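Next up, some structures in structure tokens.
In the two assemblies presented below, chain A is common to both, partnered first by chain B and then by chain C.
Here is the complex of A and B:
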């Protein structure tokens, strides 16, 4: 089985993955939420746009400089698989919070891992078109959430606008740029089926993704006042899912939006990592690649210091990925005039 | 077809894997409806929990039989919140479940302790504790307050608490305060949290400061607001002050105003507008309230009525300024003058708020006939 995805399917998959990844990182997983995170979400997209232009130009398997292509694929494979493991750990902690009785972490992880494996084995187009459907369903769901929460939104809580200042915003923006690397790695392995037809503009899609993530963060910031003390991860999740105030029966839309978004993100990243692995070792069957990647994603969250290691690497991730992508794109441009991808 | 069957099998397996394998029967759960916290004589944290009784006794009592309570009360004490919860697990024959708490009551003495902000955070961050529970500070012992309340209307204590407090909040007698809001405000960079003020009335007949006389079969009273500063209780407001507080905070649809032996129904035309002017060395608070008469039959002196409301608002804000607590939301408006949170924190809002000048503007328009 060969893992592949068309460009038409890869773009919505990358869009949903990018929005979810940025939102999870800035609103939940990246420490205290301060007022400037929505600006960081916008600024983080700026260096990513040229990166995506380069990514659009390169492929992996048949680059003129094979070493650069393999280095790029290996790097993105590692980043995407590790990020998939991080998403599994978010699911693990969030499920543990919502399940009323104590349950073994293994049992919490197993369903989501099985679902991700099944999605990956259905191949890329299934994941991409599912993301396309979610992209349409999500705004409707968010509309319900916003109507339910409208009374509690306080625009005054957005001020002071810059949060802890430009220094922290810049740090968050670099982290945000790092979030795009695993979320958009699916674009590297997508098929360019119709080169002559009208091609969706990748940069516009990802710019839109950053705007959507930023808008979601604005609404998140209006739910709770900016705090001087760091709230625990669980409290941040509670504020995100229930606003701390929503009656139990009104929490469902937010919980559905959160977990379905996470599932799309995980499926996209697992598929991208498995497909990259297959590009590096073409003899491997796609299902085997999917199994290896899923196993990594399932096991790593249980490794001590995994999250702290990933947190330390996150600010450097974008720079580490951007350099080989730029190098590969330059080589393509030089030898192919930038008209064809490496795989076509 | 084979793939479809495999997908269906996986889908069927998923619910079995996640939590449902070890189902928690309702009969095995002790759903805590009200929690009361006190500081005991030996300095320990005293925790009292009220849970519904399950079985024939509960069903019988639940139908209104006066032969006993439908609820069990458990009391434990420990050095810390987590220790008290652990003790409660031991004292209760069923598994403690905090996901359906309706009300958390804290005694005034405990709420005024320096360690209370940390305790409030610990409570709010307890896994599976329903943070939307109403937050009440009571004048005396929280345990006595809890024991003074039992089902009067309906058959369920939880339903009664919800209905009663919603009714009081809509009338403006109490603030619409929940634990999550109090915790967010206490940890936030803006104003101060508020809670519901409660006390136990031994006498059936109560005569309040505004010459109201009330008879009620309930021993518990929910009247007024408890104000906090830096996460600690500082003072309580009576019903009339609480109505004004709710008016300023935009939490009430009507204002019943006792004036010259009569009660006049007023309605805010728009939410009260708060603006803060910051100069180099002074802060000016501007509060603008626009009211409308709900009945066109009023023929009294509207100028005097406006002056009465204005004076009361000025007295309330001055009283809160002296205590250093800002439950009105002036801080949120003032924070807009700053670009960054460190700049805002360095400004030292609470100290400046104490010394701020306040301009109150009240306008009253006549009732519009339909």
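Here is the complex of A and C:
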């Protein structure tokens, strides 16, 4: 089985993954939420645009030197698989909190891992088209959330606008850019065979993704005052899902949105990592690649200090990925006399 | 013996009438088959043998237009009695052809045609005399509509083809015959509109039909399983309809219709998920009504798949997500129920489908008894005995109604299985399991294809389409052809 995805499907998959990844990172995983995060979500998109252009230039089959292509695929594979493991750990903690019963972590991880394996084996188009469907359903669901909780949002809590200042916003913007790396690695492996023949516009894509993530963060900030959310991960999750003050029964659509978004993110990253692994070792069957990647994603969350190690690496992720991609794209451009190698 | 039969089938006719007749007698096992008829007559001093199957062929046609025309015919000077002469000057049946292959002659005779073998001639005349008893065109039984045509397909392939011709009176309508089944042949007809249906799709359907290597193919149900893209998928990737008006509408949209002998319905492909939610009423009603009814069906489908799972997740794991008054009434209703919610819901689901299945098989005369059994014994008595809670009856009733709102029977059963999956996941992991099940189902459905076209298109992926797919727009805006129609037709449509 060959793992592949059309660009038509890869763009919505990456969109949903990027928005969810940014939101989870800034509103939940990255420590206390400060008022400037929504600005960081917007600013973080700026360095990603040239990164995506470079990624497009060195995509599958376009790289002039096979070794360079393999190195890049290996780098993105590592980043994506590790991020997949991080998402599994988020799912593990969130589901443990929500399922309430004392269920063993293994039993909580097993179904999501099986679901991710099943989805990866359905191949990229299924994941991408499901993300496209979710991209259409999500605004309707968020509209329901907002209507239900409208009276409980406090716009005054958005102030001070800059939170702890530009320094922190810059740091979070770099984190945001790092979120795009695993979420968009699926774009490296996509096929350009759209039936419509139209090439989707990357600037519009990234502007929309960052705007949606930023908007969601604005609503998150209106839920609880930033001074009171310097607290544990599980309490932040509770505040995110319950709003703190709205009646508990209004949580339902938010929980559905949260979990389904997480599963889309996990499926997209697992698929991308498995497909990158297959690019590196073409003899491997797609199902075997999916199995290996998902095994890594399932086991790593149980490794002690895995999360703290990833937390430390997160701010550097973008730089670590963007530099080699940019160098590869530049070398491609230089050696080819200003033309793209395989398209010329 | 079997080898001899195969060789006989492969052979062609010889000029010897006796040899040919003996061959047919062997192939039709005339010593044991009482309905295989061999009638020798003289026509212009030449011996003929009329071969037909009693009951399959129309006796009146044979006696009036074959026997009466041939018997005692004086010899024509300078004209030899052969197949061409009989067809041109003697036989009075419109549809006839000369044939020399034994297998073709035999296959035609067993379907009710008549073969006339001629002494001294290595060709026989094959005459259209089919006249077996068949059900006349009647009202549809499973796809009832309030407004619209009431005719349904019948078991006779020829009648069904005629119905299609009547609903699509266009010269471009092609009815292409294919035979499937290596031992017992079944006649299948491919119906499409030339210039509107995409040639690639037509070729794909044709290739898959010709590729069926089963010994026997019993009707369209078996054919569907042979030619679908993903036979392991829960949901059907071809549409079954017993309504010629609906099949005609699909043909005009560029889809391909497959008809088969002895199947009182048609198979249609390629389709999308949304085609499964269409009913003929939609196009006969005003666009506002059609849109409203489709929305009801979409909600019915979602309720059918997700409501019991959501109920189980909320009441078993997330009681805090229920408003207090509702939680109170659920708790009160369940106070005396001895079973967990999962068992309770499974009992009700099983009972519901037991009644449903029994209702389908039960003779009409005692059908009313089933309603009494269902309503009184399984509903009222189960609640009184505290086996199930009243609120669960509401949930299961809504679920069942949602399922019945779906026009396609096979699709409805597929959704029931999906519902059981959602129930199992929700029972195991609450809302976490519910979301996971919803996600897995959505990816599975999005990964499905019907003759190469995405099942959830034109929503995912987006494709240009007639705005009569998901919701209906006013009829004058429904000019854009479907994305699976022929490219040239789409270009004409977009041009207005």
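In this section, the second predicted complex is superposed on the first by the 323 of 344 C-alpha atoms of A that agree within 3 Å, B and C clash if a C-alpha of one lies under 4 Å from a C-alpha of the other, contacts with A are read in each partner's own complex, and residues count from 1 in each chain.
FYI, a residue touches a chain if its C-beta (ideal position, glycine included) is under 8 Å from a C-beta of that chain, and two chains touch if they have at least 3 such contacts.
Note that the coordinates shown come from a computational prediction; the quantities given were computed from them, not determined experimentally.
K.L.:
Please indicate which partner A:118 is in contact with in the superposed arrangement: first for chain B, second for chain C, both, or neither.
P.N.:
In the superposition, A:118 touches chain B and chain C alike.
K.L.:
Contacts for A:35 in the overlay, against chain B (first) and chain C (second): which applies, first, second, both or neither?
P.N.:
After superposing on A, A:35 lies in contact with chain B but is clear of chain C.
K.L.:
Considering only touches as defined above, state whether A:267 meets chain B (first), chain C (second), both or neither.
P.N.:
So A:267 only meets chain C here.
K.L.:
Output check: A:99 vs chain B and chain C. Expected answer is one of first, second, both, neither. What do you get?
P.N.:
both
K.L.:
Which of the two partners, first being chain B and second being chain C, lies in contact with A:160: first, second, both, or neither?
P.N.:
A:160 contacts chain B only, not chain C.
K.L.:
I'd like to know which partner A:234 touches here: chain B for first, chain C for second, both or neither.
P.N.:
Only chain B is touched by A:234; chain C is not.
K.L.:
For chain A, what residues appear in both contact lists, the one with chain B and the one with chain C?
P.N.:
Shared contact residues on chain A: 95, 99-101, 103, 108, 111, 115, 118, 247-248.
K.L.:
In the complex of these two chains, what residues of chain B are touching chain A?
P.N.:
Its residues touching chain A are 7, 10, 13-14, 17-19, 21-22, 24, 97, 99, 121, 124-125, 127-128, 130-132, 178, 180-181, 183-185, 187-190, 329, 332-333, 335-336, 338-345.
K.L.:
With touch defined as at the start, can you tell me which chain C residues reach chain A in the complex?
P.N.:
Against chain A, chain C makes touches at 314, 317-318, 320-323, 425, 428-436, 438-440, 442-447, 454, 456, 459-463.
K.L.:
If you look only at chain A, which of its residues touch chain C in the complex?
P.N.:
That would be residues 6, 8-9, 12, 94-95, 98-101, 103, 108, 111-112, 115, 118-119, 122-123, 125-130, 132-134, 136, 195-196, 247-249, 251-252, 255-256, 259-260, 263-264, 267 of chain A.
K.L.:
Tell me, which parts of chain A touch chain B in their complex?
P.N.:
For this pair, the touching residues of chain A are 34-35, 95, 97, 99-101, 103, 107-108, 110-111, 114-115, 118, 154, 156-157, 159-165, 224-229, 231-232, 234-235, 238-239, 242-248.
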